[in-house]
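Have a look at these structures, which come just after this line.
Below are two complexes that have subunit A in common, paired first with subunit B and then with subunit C.
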Partner chain A sequence: MEIKTINKIKKIVLYAVAILVAILFIYPLYILLLVSFSPTTVTLDKLLPSQLPVKLTLNNFISALTQYNFVGPLFKSLEVAFMVGAITLAIAIPAAYGLSKLNRRTGNLIMVFLFIANLVPALIIAIPISVEFIKAGMFDSPLALALAQSLFTLPLATFILLGSFRTIPKDLENQARVDGMGLFRTIYTMLVPMAKAGVAAAFLLSWLTSWDEFTFAVILSPLKPTLPVIVYINITEGSLIQAAAFAAVVSIPVIILTIVLQKYIRGIYLTGGITG
Partner chain B sequence: MTQKKIKLELKGITKFFGKKAVIDHLDLKVYEGELFAILGPSGTGKSTLLKIIVGIEEPDSGSVFLDGKDITNLPPNKRNIAMVFQSFALYPNMDVYRNIAFPLKIARFNKADIDKKVRSAAKLLGISEVLSSSVSKISGGQKQRVALARALVRDPSMFLLDEPFSNLDARVRFTAREELKRLQKKLNSTFIYVTHDQRETSNITSRVGVLNDGKFQQIDSFDNLYNFPQNKWVGDFIGNFPMSFIKKSDSISWGFRPEWASIHRGNLSAKLVTNELAGDINYWLCETKEGSMIVLRGNKPREVGSKISFKLNKYNIYKNGVFLKQGR
Partner chain C sequence: MRFRIKRKYLPVLLILPLIFYLVGISFYPALSGIFQSFHSPSTGKLTLENFTALGHYGIISAIINTFILTAGALAIEFTLGFIIATLLTKTLRGKAIFSTIYIIPFGIATVVSAYTFSLIFPAVGGYANSFLALFGIHAINWYANTYMTLFTTMLADSWKTVPIIALILFAGMSQIPPEIYSAAAVDGAGPIRRFFSITLPNIADFVTIALIVRGIAEFNIFALPLILFGYNPPLLTTLTYEFYSTSATLYYSLSSATILFAFVLGFALIVVFRKKLVGAYELTD
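Up next is the complex of A and B:
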């Protein structure tokens, strides 16, 4: 009886905290959407704007999309994000496979070293890299930006894939080799499909990282910018409404992707197999 | 006797795990059409040895010869040796049929040939009715048959089996052994299998290699392993009880099995420590004057601490722990 009430209280507290945290994350997003869908008369021009939608309009989007070059940055963002996903998988899959072959301790140690790139502030890496890309004539090229962004997605992707590869029984791989498959064929037609959840998680996180990425984008690609850079340019130029509209456009695919592919981004694929 | 053809030969195989040599300059010859067992306690590198033969592990030194050809540097897919892993390693994303068909698909057989081969292998192993089942829905015994079918469809030049009976229920195990022997006879192919349980070798193999400390301590028929163990370690390891040893001098000792001694006012004696009943036979675990433990056989338990006199009808003479000759 008593334990039952305690459990109930525990549950209530837990839900209260969860809801609070959720509000903390969702509220700014709500305001962003509210501002981008409301006419300026009820938002910017008011001293105390309403927290609830009073009037809705698509004008902000229309003016943002017509007055600014929207299609260019959208395609650039998409292009770079898919490139980052592809480059990351192309490098992280063999890297994770190699690490999974080492004994756990050595593999984990090397994995920690790989994360060093993520520990350093992006600017410190971005500036020398930009210099090199300018020298190589790749300034403003999507490939250059994708390569630079991959620096940050690679460690996490490798970590996720390492975890997925480790969960595949070694005997299955050995069996595929004995049954006549070569090493590369074994990796790509046997292991990768078996680790498909991890592969999907690695691709999506890389894609999203690139989609949101700002530092490299603004340094390496300021002339033909990506969407986050456009948002930034709008804010600095003072057109806050357009900035909000762009920000909404940037966030919507992220939200949709995250919800649709939630099952792949669940914890187990992100532990790198260390707790498993 | 005709000269038998050597199927597989290992020469000076050494494999290190860290600084420890799990396999240490090991030599082995296995003949065509043989059912050969590798027997040893766990952790002695038995599975590693199979993996070296099939090509998954590389030896640090030494060579592997198949049909007289050096295959040491060939990858597993170029060796045409089939292996059945202890876990059976069935592909979880395929049904039984596709599991068996897999090696044929890799080898690019056409669909009709694959179908014919899969069905005849399934028939041979009695798993025709589960061909369309998922591999997670079949019993342990059926899983093993699927793994065997998958191994034999592509007509490999030899078979390796890692602890083939350890994942089976105790009840199925006995018949599985007989079936393996029958299958091997029918295919008339060379089989090597690994086990830590000597009961799984005694009645079905032609020869048994006893592996310990990275080397074969003795390669012989099971009867010879039991009756003429080449050293004290083999004597200890083979048999329901370790071989009993009586020290005769600094370098010479006598070894014997319980049934080689008779309990009739003999010239030797020992003190009873424990009675051990095994079915209808009683064993006496005794201690000799020099303090070594020996095992004798009698028809009923006796009082602990009583003195038992016995004589040896035959015994093995060991010099510095190595078999010298048999005496009477």
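Up next is the complex of A and C:
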């Protein structure tokens, strides 16, 4: 009986902590939504604003999306994010296939080397390449930014693809060779479709990384900004309520993708694929 | 014979584009930036003047602040990370929902989280203070001095970074066989004792990964301090960016970035080789 009560108390404490942590994690997002859906009179203009929604409005979004330059940065962000996904897959698929053909030890060793590339601070890369891009007339171009951001995504994407390729039985591939399929046909018409979950995850995580990325974006593309940079510009110019609306819009695809990609994000722990 | 050689080298040929890409766009610019930082912008001669000049711009306090921020943020993140990882190892109803909630901040853009925390911790008033006011607690100035500013930044930063630490530590913890714990409990070891003598030593590799991943990211923390408090107190990253955005001092920004890189590299080496270092220390002791 006594042990039962102790266990019960333990259980209650456990749930209490779990719920408290959950509330702490949701709170900032709640505040973001609260500010973006409330008139400024009850949020930003107040010294101590209410924790609960007092009045709701859509005006912040309407004003941000109509009076501020939203469409330009949105398209720039989309363009760069899709380019990053494409560049990443174009380079990472053959590389991951190549790595899967090496023995495990060598493959893993090369993977570690690739992740070291992620450890070089973005600033020390971005500043010299911005000088090169200015010389090459590529400053502010989406391709230049996508090339730089792909640095962050390539090691992780290669790692995910390598994991997927390794699970495909070797016999299938040998069969394809016997049937006279060339190397690239084997990769693209047989292996890629079989590893489609991994390929999709690699693409979407690359897309997401680019969509969120700030350091390269603010240095390489300040005049034709992406969405994170326009949020920053709005903050520095004091257009706080528009920044809130933009920030909320930026976060919608992010939250959906994070939930969908949970399984793969859990796999990130093995890597260094995190950006500052 | 020719066919076999080709097959053998094929994997390497397929990997090469990736290696060239990383070397060309990452290592080469980084090295050329470091190279330039040791050269005079006017005469092009080898010099340390770009580094010595940084002394007038608060490089020392930037280094100290970066260290405090990194150490403090790691301490907060690891504490919370261990709590969440432990929660995830327990049997909980609705665990899938909890773990989904715990992972969401990971994907949020740094700029968005920085902006949101500038609403929670603004210079005056704000949501954190309005919450404290509900309990009759007097408003806190989150940026009263350098240490307070850095502490506020650590708190704001931990929201987005705890999930990844928790995931890494959880991955390590779930590999420990539960029998070890039950045996220790029978022997009368309390939860704290069990944590330090069973959990920690068994997940050392995972702690290393988490330390490297987060420690390096902490040294590079940029958008969050920039949005929360701007350039003052200085950090290595914000100082670098300040030099960069006033184009006359491009070489200073390179030398400041070089210092940042040196610290990141040093940190990574210490973490990776810490066992050997500790071993050497014990031998000499």
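The rule is simple: the second predicted complex is superposed on the first by the 235 of 276 C-alpha atoms of A that agree within 3 Å, B and C clash if a C-alpha of one lies under 4 Å from a C-alpha of the other, contacts with A are read in each partner's own complex, and residues count from 1 in each chain.
Going forward, a residue touches a chain if its C-beta (ideal position, glycine included) is under 8 Å from a C-beta of that chain, and two chains touch if they have at least 3 such contacts.
Note that the structure is a prediction, hence the values are computed from the model and not measured.
Looking at the superposed arrangement, the partner reaching more residues of subunit A, out of subunit B and subunit C, is C.
When the two structures are aligned on the shared chain, A:L65 is found in touch with neither subunit B nor subunit C. Legend: residue contacts after superposition of the two complexes on their common chain; A:A247 is shown touching subunit C, with no touch to subunit B.
Within the superposed three-chain model, A:L74 lies out of touch with both subunit B and subunit C [touch as defined at top].
In the superposition on chain A, contact of A:V54 is made with neither subunit B nor subunit C.
Judged by the touch definition given at the top, the superposed model places A:D212 against subunit C, while subunit B stays out of reach.
Once the two complexes are laid over each other on the shared chain, residue contacts for A:V42 go to neither subunit B nor subunit C. Of the two partner chains placed around the shared chain by superposition, neither subunit B nor subunit C is touched by A:A200.
By the touch criterion defined above, A:I259 reaches subunit C but does not reach subunit B. Applying the stated contact rule after C-alpha superposition, one finds that A:L183 touches each of subunit B and subunit C.
Residues 183 of subunit A are contacted both by subunit B in one complex and by subunit C in the other. Those residues of subunit C lying in contact with subunit A across their complex are 10-15, 17-18, 21-22, 25-27, 29-30, 32-34, 36, 80, 83-84, 87, 90, 92, 98-113, 115-120, 124-127, 129-131, 133-134, 139, 159, 164, 167-168, 171, 206, 209-210, 212-214, 216-217, 219-223, 226-227, 237, 240-241, 244, 250, 253-254, 257-258, 260-261, 264-265, 268.
Taken together, the subunit B residues at the contact with subunit A in this complex read 51, 54-56, 75-77, 81-83, 85-87, 89, 91-93, 102-103, 106-107, 150, 154. Residue ranges on subunit A touching subunit B, taken from their complex, read 169, 171-172, 174-183, 190, 193-194. Residues 14-15, 17-18, 21-22, 24-26, 28-29, 31-32, 35, 44, 46-51, 91-92, 94-95, 97-99, 101-102, 110, 114, 117, 119-125, 127-129, 131-132, 147-148, 150-151, 154-155, 158, 183, 208, 211-212, 214-215, 218-219, 228-229, 231-232, 235, 243-244, 247, 250-251, 254-255, 257-259, 262, 265-266, 268-270, 272, 274-276 of subunit A are the ones that touch subunit C when the two sit in their complex.
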